[in-house]
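One chain, chain A, links the two complexes that follow: it is found with chain B in the first and with chain C in the second.
Presenting the complex of A and B:
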């Protein structure tokens, strides 16, 4: 049987790749500095909601693509959770065949324009690039190039809507319209199934829409993907909460034969410290959803405005960065990140931390809140913060933050956003006691098929992994679609 | 018939036997059984920061091993200690609520503190859940050669100050016997506004297995002989402090209990004896107390409580004699 590595090798030996490799000396390639992403000026962008990164020009992209050495053993691929053929898509860019490049991306990644923007490349593909591993140089900008090719395709108006097999009349339900659900829907519709996506909110796209802000991932990009799915025949039912509006059993009675649960991890966590119930203390989830979906940023709308002047965001992940940068854009004088470890240990993408710093966000590292206080109306007006130091490492090897006795001090705040992680949405597991869950509240699945403990019910994305990443959610969705397809084929065979 | 009631931390107890903080008081069913068996009050198993850290480590290890769980840059795992602490705390609060619904005797919650920064912020949640009082199990083993006595002592006062500012229910401190100036420390603690002092905490002592060159636990349970030191200090301090005293460690029999009451304790905490003899032992101890009071003609505990404390003792210097020169010199 041909292995993936055989396929990669034989593709690498194709004439066009060979020629391209020989067209430039390795030394020349490695002496090109890594491309800089053009971006809006920090002091301009921190007052608008448009995308910060502006995208590479054709020339920049080709030059960056030239840096890629088209390695015999492309270690970058092992760093990509969905195994994109990275050298091939990059060499297509070097060649100027941008549409071909996008096609390569789409072989394994349904949402390259999204992943190119939001993947934590510095711990995935780029971390495994030869430049980093062996040359101790900046990696090839795989993420920027991925975004470039995908954007090129979208802007060209030449998006290929994949062909769809003959309808087989089998109804499948997808619960949740985040990247996991969209990926399942995309594959299942291609294979001829009758696919309906049920979404609790009025918008489709999951975190891509209500979580990640416009300045990092414009909605338009997600909408194009959703439109594609619609054109292919996927049906979307919004404002439909499975478990409340109708249960899985109800849907079974309506003829749905298999289910994918991609309900995400949207349940916010709090620190449970005194005063956390005061007004104007939000979970990051609520804060971002209000701004992104309810137009709270738009003064013409009457969703409660909460553009505080002194905003503290607790946490160090992407959610925290998105919240704090949003607060700046809503007019805060002081936007603060309060995080208990040091800056290097933040789980956020490196680029987001850098952008936040440039935009004037204050980083109060090795600090943690202990109590909130409020004015007579119950609005938070002050917080007590404690300094931390790093103690002994825990079993993950990270040093534990330990409070420094007697180091408490007060900070004036009028808005607080708590962004310290999320739990899986409990509604579906709670409504189906036969569904096995882990101690983390995630749904247990078979690693290869993504089938849960209940036959015909598949799951993936954050509901299986805890708060994870877009690319993992999407990869899970595709794996689950395959599992579901096999399951339904054998079920029909048995009938 | 003698009246066995006593008052401890302002709470009315039907008798002076309190089941001390331990695994005996870790579930609603057990606690109800102890009540039925005659306990005057119960102290829940302590909430331990150390135990939470162990759970955090186990959970992290499991997450890193399980490739379905996202661990590389997870925001939730970044704060997992807080999340696990919250889970533990919620379970504890649930225990208090459930027990309170069905229990008639006082229920005292217990938190293990090694610094003022850990649980102090959560104390009011235990109060809200319905705990009748709070026992602070302050356990500091002074192993850091760079930390002076004053600094360690200060931790006690910092913890107390914080807790007292958070809760209105009575607070007791379960203290260590290891202080150079124990009398002064007890006196100062009693003046902070707390309602009681438990003398003393009994620390887990590691032992060696000399055949396998490994560590093993030793003496999980106390021996009655250990009650002597407690009796001495309760006797010395009971008339000098501004709060109640409870005896803990080595109270195994009604006789041990009577001695602590004579020294001035308002109640005794019993753990090892119950582990060893079962909860029926409570009735045995109460029966002994009853018989003794009848024999001596006492109707209430207050009639004899503190009768042999240092200030009432005919030979006060006996309390301070530590060398027993005469006694030892006579042993051949």
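Presenting the complex of A and C:
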């Protein structure tokens, strides 16, 4: 049997790749410095909502692509959760065949324009690049190049809508329209199924729409991908909560034969410290949803949002960075990150931390809130913060933050955003007692097929992993689609 | 979808809209609510389902004009459509044979109370109801409430109709006379606070249905959080009904006012545009 590595090898031996490799000496390639992403000026961009990164020019992309050595053993691929053929798509860019490059990306990744923008490349593909591993140099900018090829294709007006097999008339339901659900829908429609995506909110896209802000991932990019799926025949039903608007059993009666649950990890956690329910203390989900999904910052829209002058955001992940940078854009004078570990241990993407610093966000690391206070109306006006120091490593391998007794001090705030994580959305599990869940409320699945404890019900993304990443959710979705396809084939066979 | 098939003005400030939403009509039970968004630029607001007709595929919403969105809703006409309606949301009321059930509603809270009173009646309970408002014009759904109640007391603050006094006076009248097994109260937060203080005096288990600020209504944002028995709960997914004696009403009232200044300003601006 031909293995993936055989395929990669034979593709690498194709004449065009060979030629390209020979066209420039390795020495010459490695002496090119890593490309710098053109960005909006930090002090301009922290007052608008437009995208921070402006994208590479053709010349920049080709030059960056030349850095890639087209390794015999492309270790970068092992770092990619969906196994994109990285050297191939990069070499297509070097060749100037940008549309071909985009096609390569789409063989394994349905949303390259999204992933190029939001994946934590520094711990995935780029961490495993030969430049980092062996040369101790900056990695090839795989993420920037991915974004470049995908944007080029979108802007060219030549988006390749993948071919669709003959309709087989079998109805499948996808619950949740985040990256996991969209990935399942994309594969199942290709294989001829009749696919309906059910979404609880009034917009399609899950976290990509309500969570990740415009300045990092413009909605338009997500909408183009959704339009593609529509063109391929995927049906979308918004304002539809599976479990209450109709149950899985109801949908079975309506002819749906298999289900994918991609309902995400939407429930915000709070710290349960005194004063946390005062006014103007929000979960990051509320804050970001008001601004991103409901357009609260635009006076033409009816939803209000409170935009304070002294904003504290609690947490160190992407959600915290998105919230704190949003607060700057809503006019805060002082936007602070309060995080109980050190800056190196923050789970956010490195680029987001850097961008936040440039935009004037203050980082108060090794600090944790202990109590909130409010004025007579109940509006938060100050918080008590405790300093921490790093102790022994915990189960995650990171050093555990230990509170320093007596180190408490007050910080003046008028808005607080709590961004300390989310837990799985319980709507589906609550409506289906027979569905097995873990103690954390995530759905248990077979790790190869992604099938849950209930036959014909598959699951993936944050509802299975807890809060994870876009690419892992999509990877799950593709695996689940395969599992579902096999399941349905065998079911039809039995009939 | 979501077409308004019938509109009725219940009083100057309150309208009833019957909306085509067949799936919700089929699934809803007493106590459920929906989230409504009028148009692309609208906000998402929660509204209790006052009634439904599964055969016709309609749900009934009762809306009091208090701000921009409710005002816009009150101006919509038969044939218009709402951009988004999602539900049914929240836990349905637990209906069982309790014996004697006291249903106490204030203002527009009578609308969500009605299906609950009906359901308790249907389950074989003796239903004693008190509905209250500031004045005669603000009393709504009187006939409907009378129909499902063994006894109905009407209270108005100014005495312009029924008896003069607060909802709690009517409740005490009943509580003094009969042994009540369960009380249900829905209305403005301050009214529910006093209603539950009243039933507490008589040791009657009580549920209150809360209508906090909401955004998504699916447990995602925490805007709707309240403290019940010292714990933070989300009204949209844990409620909307809670043990009335354990709710921190003062915190709830404080949180309800979170956007009052912005809302007032927006409403005043909006009223200028409609009066032009």
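Just so we're on the same page, the second predicted complex is superposed on the first by the 495 of 495 C-alpha atoms of A that agree within 3 Å, B and C clash if a C-alpha of one lies under 4 Å from a C-alpha of the other, contacts with A are read in each partner's own complex, and residues count from 1 in each chain.
Just so it is clear, a contact is a pair of C-beta atoms (placed from the backbone, for glycine too) under 8 Å apart; a residue touches a chain by one contact, two chains touch by 3 or more.
Bear in mind the structure is a predicted one, so any value in this text is a computation, not a measurement.
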item: Superposed partners chain B and chain C on chain A - clash or fit; value: fit
item: First, second, both or neither for A:107, with chain B first and chain C second; value: neither
item: Touched partner set for A:410, first chain B, second chain C, both or neither; value: neither
item: Touched partner set for A:466, first chain B, second chain C, both or neither; value: first
item: Chain B versus chain C as contact partner of A:272, first or second or both or neither; value: both
item: Touching partner for A:421 - first (chain B), second (chain C), both, neither; value: first
item: Partner chain(s) touched by A:246 [first = chain B, second = chain C, both, neither]; value: second
item: Partner chain(s) touched by A:6 [first = chain B, second = chain C, both, neither]; value: neither
item: Contacts of A:200 with chain B and chain C, given as first, second, both or neither; value: second
item: Where chain B and chain C come nearest after superposition, their Cα distance in Å; value: 5
item: Common interface residues of chain A - those touching chain B in one complex and chain C in the other; value: 272
item: Of all residues in chain C, those that touch chain A in their complex; value: 23-24, 27, 37, 41-44, 68-69, 83-89, 215-216, 218-223, 225-227, 232, 237, 251, 254-255, 257-259, 262-263, 266
item: Residues of chain A touching chain B in the complex; value: 120, 123, 265, 269, 271-274, 315-320, 341, 347-348, 370-371, 386, 394-396, 400, 403, 405-406, 419-423, 438-440, 442, 445, 447, 464-469, 472
item: Complex contacts: residues of chain A adjacent to chain C; value: 200-202, 210, 238-241, 244-246, 266-268, 270, 272, 276-280, 282-283, 285-286, 289-290, 294-295, 300-304, 306, 377-378, 425-427
item: Chain B - residues contacting chain A, complex; value: 53, 56-64, 66-83, 86, 89, 115-118, 121-122, 124-125, 155, 158, 166
